[in-house]
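Take a look at the structures listed below.
Shared chain: subunit A. Partners: subunit B in the first complex, subunit C in the second.
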Partner chain A sequence: MYRFLMLVGLVLFLPGACALGYSVFQGPSSWMTDARTFWGTPISLFVFWIGLAHAGTLISAIFLALDIKLDRRTALIAELSTLASLVIAAVFPLVHLGIVENFYMVAPLLDVRGIFANIRSPLVWDFCCIAVYAALSLLFFATHLKARRNPTLEKYCKPMAWLLFPLVLWVHTVVSLDFATTFVPEWRGAFFPVYFITGAIFSGLALVNLLLCAEGYRVRLLERLQLICSWILCAIWAWEFMLKGSFCASAFIFAGLLPQLRMVAFIRESKWGRMAISASVLLGLFLERQFLVSPEFGSPAMASFGWVDWGMLAFSAGTFMLVFFGMLLLLKRFMEVDGSYFGEVDGRDIAEVEEAEHKDSPVRLGVEKTKKGFYVHPWSSEEYHVLRLPLLLGIAFALLFSLWVWGRMPFENVDLSLANVIPLFYPVVALVTAVALYARAYFVEKAFALHRIEKILAASVLVLAGTCAGAFYAGGASERGAARDVLSENPENRDLPVQTWNARCATCHGSDGKFNEKFVREFYPVPQKLDLLRLDSLGEDSLVNVILKGRVNMNAYEGRLTYSDALGLVRYMRSLAEKEVANDSAP
Partner chain B sequence: MGMDRREFIKSCSLVAMMGLLFGCRKVSLDALAAGEPGLAQFEEEVKLAISHAKRQFDLVKVARPGLLEIPGASSVNRFGMAIDLDLCDGCGKCILACNVENNVPLVPAEDAARGRFMHWIDMHGSAPFMCAHCGKAPCERVCPTGAANHTPDGLSAMMYKRCTGSRFCGANCPVQARKFNFNDARKLGLAHQFNKNIPLRDKGVMEKCSLCLHRLQDDRLKFKTSLTVGATAEEWRGRGVKTACSESCPKNAIIFGNWLDDESPLVQRTKNRVLYAPRELANLDPSVVFMRGRR
Partner chain C sequence: MTPLLNAFACLLALACALFLWRKGSSPYRNGALLAGFLLLFSVFTYFGAAESLATDPALEHYPFRMLALCLCLSTASLPLYRRRYLVLAQVLWLWIELFGGIALYYRGFDVAWTRIAAVAGLAFGSTFLSRISREMEFCLMVLWLAVWVFF
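The block that comes next holds the complex of A and B.
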């Protein structure tokens, strides 16, 4: 079954990849772009897939954090769909760029020219938040996957769920703010985060239900939730219609009306009926994204939805099927161990099965939770005890980070306010907490062992992250003082340049500004004469730069001289040259 | 069939000679292949653009632009323009002058049919409109790479080589003053480098009105090199500079100048006039404004 689906994926993928390649070659003119906002299909596909990428983990983490029983297989499928969707979501922002090979300029990395990524841009928040989210969902999935073989890891699932629950909401809010903070009238609105998150959960549920159909079983709870989500989304659409008068009829039909057919028993009980409903929801939500991203949708000023757009759609679906079912085949032996059970396929209540399993398992963790109606205060719960110290570390680190950025230590010439740091606050907390959590589990409690390959992988990821952080810091601090120095230049002190000149420059340039020929002729190329004409044609700025940065045989004096020192030297040089002109014309 | 050494060297040097001569050509290969469009085609396109004129702006009264509120802003210079709606008759000469000055390329026929032009100046109603160089520019705020940035003199500038083409700035401009290079105009034979001092922009880069930044820079450089030692009293105020559009306006309805310089024609001409800006920009501290009626 999986192999067949992978084949279908391949059939979709190959022509899709061709279209994608063509669109990268041809640039944004090849797909449907909005006449007004310049955005188009890749961005709507990005929003669509990033929504799917948030839903899986969100469903799994929420259910785990709220103690709602969801069988392991379904949870793992949801999480895996998250990771596969993230891969696709990462492709489209790159395709969207006008100059794809310049993508690295978005990352705030070291730059000796003192030009620095604009950290005020929502895109930079996006980049950082999604990177953190991807790392943590991978960690969560791996923990969940290995927990069955290594029950001590079970202890870390729930704390991770606690961490991820707000993170998912946070990151998707940041994605929605890309739109909501702009001046495009159709995109403005404080309800956008709620709107995006609802859409994401809705589409994610539809995807999970569709995948469950492929697995051959169903989870009624998720189907009911899907129905409820459609109502919430319809309410938001009604709200938007009343507010702005915009309404996407096709999205409403596919994602608003058709899902109501679940209430018809005949359709609900048929596997094909359930598949059709889920597929229609996905289609409707994609159309809705398209409508949202391109406010001029359907106007004559816009290009039409052409073969490149279809190709990109096919590419995303094909890649998802390939990655998802490929991973499923690869991880089959980890997912299907003894005691894993499938949804409701055998009709037994999940809680019963789980309780029976817990009785057998040698480690009895979280046992009190399996008792029904047993309430544990959050602050005295087990996961809080696990999470307490790492969380404290994470919050402390995030506070320090905010203070550091707010104090404008690294960013002298960027007008940065606290509001620009807030989007990164919780992701930083979550990242540090998770790292501390697993570091403790590995080094102190020795809860799990790593294979050699995993060790190398983990070490290289850490080194890479450290390098990025270092480059971020260094990039921010380059050429810090220069801009300020210009404003406070003070050429009043006339003696200082003379002393500096005689002490440092006269060896080569001569105390009278003529070259020390004996010494200088050893050099090649022979330096230009510093006569009045040449000094004037170069201008003060460039001469100051020569002094500070050096040129050919001249050393760089940056760090030993300030900008105003150098400026004083340049002016002194000019006065020497003037004297020479006066001397020449005198006799 | 043999070739002796002499023949061989002769033919080799002939080939090398040909190569050298070919390398000395003035016109680039791309231009040779596509052929550069002439001025007449640009005129045609401007006429087409005027016929596609967008609907009139909803203008609201604004205060006179003052000091900039960005870090490192100059306290003596803030360049801007005022467009006199009482004088302007919408002839569109400014668009052509701007295209020629800044090497703005033509667009392919299908884009032109859709009303998508690269012109830095658009016709709104019957008045020209270009980037307003807002003091609180929303485009600069969202640019992820810092390619869109503000100069201390109040120009909203573009670093073309820094731009990755995320088009976030274009989406966030409330009046769509930014233009995106969807096509490689040079390869398609749509560009003509009238002004050799201005580079042709690459495909995938955003561009917009630069307020003829190069003219200001030239003037500043001239001013600086004529400075004498010790005489630092005078600051550069950009006096005497005019943008291409204001130079070309037959009615003298576009006035360029320095909002902070009392001697600037901009300040003189806007005295006792009521200043307007598009409603979308009124809160963004625009440097390019409209004026109509006397106070």
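The block that comes next holds the complex of A and C.
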């Protein structure tokens, strides 16, 4: 079964990879992009897959933290789906950037590379939160997987679950702020964090239910939650409609109305019926993301969903199937061991078994038996005792990081508020806490030992992480190598500077030569403001040199533009600046 | 939103809280109630602030703040895991206020730091609560309503 699903994945992946390669080579013009927001299919797919990536932590970690019983197999499948979804979600922001080789600019290294970074950009929050979430999800999955053979590790599962609980919500909140912090009318919404989290939980549940159907069993608790999520999301859509008057009918039909068919017994009891409902939710929520990212989606003025967009969609689905079922095949023997509950589950049977197990167990730390049941003294739970010192270290480290940010020289001239730094705070706390927790468990408490293959894997992950950190710190060269596409060799063409400007420069510098306001908020470093005074002080030769050789984050265009092309651009820039001065001085 | 309607909003949240988490109630009932209350709070905000809805961005998350307050009030009388859910409900409120505030900050509006600090203080303080008596339940409810009305 897994091999067949992997084959289906491969069939989707291969043409999808071709489309993805084409889109990276060709840039944003190749996919459907909204005319107003400049965002398109890659961002829709990113938001969709990052939403799906919440399933694992929601179902496993949050349930574990809140003492809601779930069988081990389901929890591991959910966690694995998180990891597979994260791999896919990480690809699309790179595609969206257009300049893939400049990806290193999103690391929160501020100005340590000598480059001014826009700390106010929500992209820096995205990168940090998702990277930390991926690392901790991997650690949690590995702990959960190893815990059955090494019961001493069980004591770290719940503290990790409490650490991941806020993090999973934090990640999607930060993704929602990418939208909510802009001036696009359709994206105004201080309620977006709750909206996005609800959508993510809903889609994550649908994915896990679909995967459980493929596995051949069901968890009624998750199906019930899926239905409840559809009601809450419908209420949120109603509020959005009242607020903005916009409404995505297809999302409402697929993710709002069709899931109600679960109330019909014969559909609910049929495997294909349950699969159809979950698939319908996923389709509806993908359409909703598309509608959200591209507010003009479906309007005649907008480009249609072309083959590249279909290709990217196929790539994401195919990669997920390959990664998820491949990993499942590889880890199958570790996931199915004696003592795990497997089969049709609705939560009650597990609760009874665990209750019987706990009856004979000694009284836990800080727990007092009372007539009504039990009572836990404040700040006395077992997970708190395990977590308190690493957590203290994490908070101290995050405070130091915040102070370091405040102390950097460039921010003396930047309006940097607490609101700009807070979104980075918890990911730093979570990362340091988890590292300290596991370092203590391995080196001090010697709670677990690693086999040779595990040591090699752990070392590989650390080397990879170190290489990534080094690459982020070092950055890339701003000069280009060989010429890729020469725009024109005809300096006599008077329209050429305008065309070149609009095609290559306007994204950052604005079509009118001022900042592109949205870009400034989204990307960094902040582009230079090209007013008349600055242009004249730099001089034509110097500016031509910057265009051809590149500077800081400005790419080198030598080989793609001739000297006269660059000179034409400089003069066009000056004409724009003159226009601005004329407009300012006009009565 | 006028101060009178703002005060009425917390009374509405208090009234709705009575129906949540009744003994023996199914997840379907509670889920449907939550969705229904959110719809009710949205309609309340829409008609209560019809004129200022387009001009006052602070109203964008008003129904969600009402829902968070409703959840806080409903957890005060839970029979099991009361302290845990009481703290979690306040953290949800804090979450909505904080990240809603950050979203508005980027659009040029001030963050309601006083309200955020008050909710954060209450949430942190609640973690120290020992056995919660009826008097303490009442005290917590008064504090939440005071934060709603005055901050």
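FYI, the second predicted complex is superposed on the first by the 404 of 587 C-alpha atoms of A that agree within 3 Å, B and C clash if a C-alpha of one lies under 4 Å from a C-alpha of the other, contacts with A are read in each partner's own complex, and residues count from 1 in each chain.
To be clear about the criterion, a residue touches a chain if its C-beta (ideal position, glycine included) is under 8 Å from a C-beta of that chain, and two chains touch if they have at least 3 such contacts.
A quick note: this is a predicted structure, and the numbers were derived from the prediction, not measured.
Applying the stated contact rule after C-alpha superposition, one finds that A:L569 touches neither subunit B nor subunit C. Of the two partner chains placed by the overlay, neither subunit B nor subunit C lies in contact with A:L64.
When both complexes are overlaid on chain A, the residue A:A180 reaches subunit C alone and has no touch with subunit B. After overlaying the two complexes on the shared chain, residue contacts for A:S537 are found with subunit B alone; subunit C is out of touch. In the superposition on chain A, no contact is made by A:V435 with either subunit B or subunit C.
In the overlay built on the shared chain, the residue A:P378 is in contact with subunit C alone; subunit B does not reach it.
Shared-chain residue A:I228: touches subunit C; no touch with subunit B. When the two structures are aligned on the shared chain, A:E578 is found in touch with subunit B, with no touch to subunit C. In the superposition on chain A, A:I77 makes contact with neither subunit B nor subunit C. Taken together, the two complexes place residues 181-183 of subunit A in contact with subunit B and also with subunit C.
Touching subunit B in their complex are the following residues of subunit A: 27-29, 33, 35-39, 96-99, 102-103, 105-106, 115-118, 120-124, 127, 181-184, 300-303, 413-415, 483, 487, 491, 536-537, 539-541, 571, 574-575, 578. By the touch rule above, subunit B contacts subunit A in their complex via residues 70-72, 114-116, 138, 140-146, 159, 162-168, 170-174, 176, 180-183, 202-206, 221, 224-227, 229-230, 232, 280.
On the side of subunit A, the complex with subunit C involves touching residues 66-67, 169, 173, 176-177, 180-183, 188-194, 224-225, 227-228, 231-232, 234-236, 238-239, 242-243, 372-373, 375-379, 417-419, 422-423, 521. Put simply, subunit C touches subunit A in their complex at residues 27-28, 31-32, 34-36, 38-39, 42-43, 46, 53, 57-58, 60-61, 63-64, 79-81, 83-84, 95-96, 98-107, 111, 127-131.
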